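Report on the following structure.
Naming follows writing order (A, B, C and D), and every chain is counted from residue 1.
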């Protein structure tokens, strides 16, 4: 018997492979599928089916890539959308997996056609449920994809899905969601990597309600909608047209890089300190682990992308970008930033200051503009900085006019990483007197400077 | 946060590492501990504690090996035994692991001093329980270590542990036992690798009872006690004296092997077919995956062991043997059995017959002696073979007088693997007219030959 | 700087990747190319070129697979053949690889258009030469592909290539051939994995000659030509039509296997002992490591192939078969031979006898027919068996009439492995009284039985 | 047959394992020996001997670690030193390795007792020679260990070793030295990773001489002697007393780190940019790959060492340090530098400037002090910077008085990496107006600023 969760870091995406005897099924695979193939092969199992819990919007699903390798059948939730491949799932469809059985149940809310899959053990009793984005450890899926006008409707649907279909499965049944803590698909997801109906029923804050209406009130919220979601939705409907590119990334000498950069977007994946100290002019900064969450806001799909990192081999960043459909990464700076400077090419820097210095500066210089790029939820939870102008990083490109051009800008986030992304965006747009606060609010909190 | 189960194949032993922030704890480690070290290091965690659920009898525990590498503190359940190292655990002892907490509760039954460890999530709520051999998926731990006279007493203790301490934790709490399906520590363990209080409460056959007495009746059973258990118990009390040998296994040419074999025991780890076709005289046959369950019955701890396999590199068998304390493996046959035959050394064979031939033989030859080496539980569950003499493989060496010396012996098990072990034992003891039935009862059942 | 030899076991094929700065070149790649991709990527290098030393006949070359991943340019030796892709190499073509340089020189003999590639170090001095099948450690390439009538002509060409082009490069230059010991492309290849012009000049037996004529005499020999060579030659001319299949192998239960076997050829990859003891009727036996050398003689390209092994996962055999163009492997027996017998399916056996028994039998039974399936070269080198009928394994299918149908057949080879392949072929063709001699001539030599 | 070179990056140290049949020998092993053990085991070989080419001064040899695992015998060159273990080698000692043979020849020069080992192939002909530090690709070993007064004597010895013993082995013989390009043991080592007698005879600049005297003149040079050499020499004589510590490195939270740092030396292994932007006060900077060459100059053996890196897991740096005997690494900063700043702890920065800015500054500010920390050889080869004060990085701690305290210091090296090490040393000693030039001389050369 095989049960394995495959976690995609950064996306905090969970996919699953389950198998028994010679059969295996994959649920919500990511786009780089070799791991599923290897696991199945090691266990002597054939991947016969790929089940999707919903049409995904935050990553490119690997269903078709698996089918190409194994001939597996693909089953779509949200099956009334215009898929160019696979089959729609219907309520109560079921599939044998060796002595196990999977059964589909309709659990709308996150999307209209979301499905969950109950896994029955060899005795025919429910053992686990793969619930996609309906329910997470400590949170529920967002329900705002159909607009503000449909929030209540979707909330009621989600209520029914959770309270009438999932929770009645029994407290002992294990819950296998599609995301863990850190995902953009649920801001309050708990770190419990394994959870159960019983645990969620008792402890999930969103489920501690009296009735449908209270639930609706609690979960009805319009969240940010990253621009790349649209691209993902489109790609996931027509995967045969958007197959994963197997092309290797080119290692470019500084000279070649410079030439190629003329028509390309440069993404630097180093952390805030090294980027701040020296980077190629006109470069976007997103540290490696921030790519899954932020690249989709700022990176184009229709221009070549070139990568810069420390060691000259940003393979992981490349994988992260492919998972969200960026097949347009063409190359990287061979030898990393060091080689650029050893070639005597132009570079720029962005000032980084520690929180203690910032305290002094704020005391002394009234012209400073404090910019807090954290989202509202985080600000509410972790604390506000007195006098800071609040604009979430993701909203920065569309609201540049809010940032003064003639004052020193001190940028805050939780740690300094997102601040540097913000700084790089401002710098690309002409700002120059930029200062990234190291340690961010976290560091700030430990000083004697005021946090509200 | 880190939660990982480390499975030791064959033993069907589960150990666990859990961690948060920079702290990690290992529960019931096996003797080859590199995996725990690596996992902790990859996650930037220090193994601060090793917790044992009971004094183990079926494998050598790795607590002391971990301590040597990390300085971790060792906590013993069954703490009133004469340990030469570590500290005893007391009821309600608790340890922080980052934002998590572990708490010890006394859950006797399998042993008098068995402890379980409740894992509390960052909110202070029970999330999982590490229960050692108290409870398995679909079964409970054996309670016969203190003799028949104490069965009822131990059953009552186990009842209290399970019904008064474990089940009340809540249906949603996950159960993490020390063994999975295939272990000698529970014959009916289900294949569910992950389970919960709710699932066991409802479906574990041993828990479907009205009262303490019914429970005691259901679980009071004297099981086989492999001779190596005593060795394990002794070693586990004094690990500093029994540290894992890091000595490599020597690859021996046929000539050297022959010389060294004079004072050694030879164990051939190939499957039944190859062993039957040709093997070194006076060799014990246990196929690789059978080692954890059967080596402890037949192999000595005080004589050198030499291994034979197909490819000349029985590294996995070597690991399996070390896990149960055999530090006396000195070498293996370089080049495998092929090299032996290419050297023109003496070899022997044991006849293997397929079930169809056996049918005919049984019809024709009344002198045949049918030997079924499966244990009673299996015979009851899977079916009896008419006319077969039943003697569990493990009991064979002590009951050789029951086997006729002048009749052709046809040996049955479930598949043919254990039969070959039995045949090799008989052969070493002078029997010669031996025939292993391929496919065993499983193959037999598909024929028209009678199974009761 | 990167220099790595990639060895394909079994084929004893050597390919090479060399690189400097960001450039890499691959010479004579095998078909499963991930290793080259990984090596280049780890070193921050782009594979810009694939160079072939000759149109290969013993394996499918991976040039086009690399081009698909990296966009590398392909350069063909034997460039006047009808390739559907790539470019022909001309004498003195040269390519920079970072600070290194490669230069093509025409070294015909093995084929008419064979090229060698001299690697110059950063100082412009010859450092290594990639010579394909012109010269091996201790041997030279075969020259019989153009028929007996052209042997002398080709020998003279090879003489000129070696004596006028390779040896003059200087004694210190390293020689990098396309094959090592064990290849079908040179029967006397020494085990020296690294060699130099100086070493070969002095010690290669084929080069210890007075003049061209003596050389021609020494090397002019018609060798066996495996039927699959033709397939390889055809595939290598049109790789775009014969791209490597990425389809996974199906794991088939005994029932499914049986059904699928009706239209398929079964290949059992276990060693002689297990196969002899029990195998599926009508199965070809080639032990795993024998596949590269023998599958091409006996396996069809136009029927599905099903594999059987010990553990139920013959991944390595599958790779070996793909390397010689067998994209028609459809599945394997899940659970290995054990599962077949546990299903009670029909099986057969072939007797295996050790050399000592054979001695006795030969003495006693005059009707026995001794079959030696080793090739003439080996018989000459290792010794003859008195009274044995000699017929090389590869010639057996076309010469079945030479084998008596009414006598017990005792089959010999060097070890017992090839004998079992022969026995399986005879069995498929109706012979039944078959006996494989374990240890083969090697074992035999150590007994008192007569070897001439 | 097994031949594999094991390269230790950074040290540019080459060790070798050779084997045949079941025997293997390791030559000059490094201290972390698992790789040798694994290679031998994969090939079914027993490491029977460890041969040393000389008493090493630049790393801790792994001979005794191998002996502990395999029981191998250790043979020392420089065997008249006071070793506490192993046996001395004598001229013409020889050992069989399967069908191969190794023979010791005395090749003094680098040390008085240096030995080389000739490897003979199965035909008894010389195939390779393991020459330790006598000869490298493109260079010879240093001969200054016995003082200036013995330079000539040692040069003559080395001349005899090379010209009378090594070169006569024949041009085709392969040369296997103990170091490659990048080692401190030879400054001009070529990048050729594989070389031969013929190639060195013709192209090694040190061997292009008329006679002994000319050779002596060419090679007689007193080189720097890092203080850790003495420690290595001492440890290598008494390895049983200095066994590799298996203790894991502790991951320390910023608070714990701070506490532990009070009695410790902090080493930051990040590259120049990140270190410059923010680091813990009073920290030594050596980028990871610089550790093997520079740690031995600046790090103590008798105080705890704490590591800082980017990701919070400096495992590779830890390995590098252990290879040169630093068993005193106690912990690292969990979460890397980011966690330090998120804790709001004190940090400092060192200015990094690109070469273009430096040009301007030099033009404008006459008070700047230009410090070039490259060694003389490099300055001679790559070019001088006009007006720069030259002091090799390694000499800085002992010559601090040469650095002005009241002027802005601009530090140059080849790339910026060593400059940051220098800056960190100056900072620890009270300097503050420090500026590291990014790209170093390499970047500088591409500008219009003057290089002599």
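Note that in this section a contact is a pair of C-beta atoms (placed from the backbone, for glycine too) under 8 Å apart; a residue touches a chain by one contact, two chains touch by 3 or more.
A quick note: this is a predicted structure, and the numbers were derived from the prediction, not measured.
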Steps needed, at minimum, to get from subunit A to subunit D via touching chains?
-> 1
Touching subunit A and also subunit B, the following chains = C, D
From the options B-C, A-B or A-C, the pair that copies A-D, where over half of the contact pairs coincide | B-C
Intercentroid distance (Cα basis), subunit D paired with subunit B, Å | 49
Could you please state the distance in Å, as a whole number, between where the Cα atoms of subunit B are centred and where those of subunit C are centred?
-> 43
Which positions of subunit D touch subunit A when the two form their complex?
-> 270-274, 276-278, 310, 337-338, 340-347, 349, 352, 354-356, 414-417, 438-440, 442-447
Which residues of subunit B touch subunit D in their complex?
-> 21-22, 37, 40-42, 44-47, 68-71, 246-253, 312-313, 315, 334-335
Which residues of subunit D touch subunit C in the complex?
-> 1, 3, 121-123, 125, 127-128, 170-174, 190-203
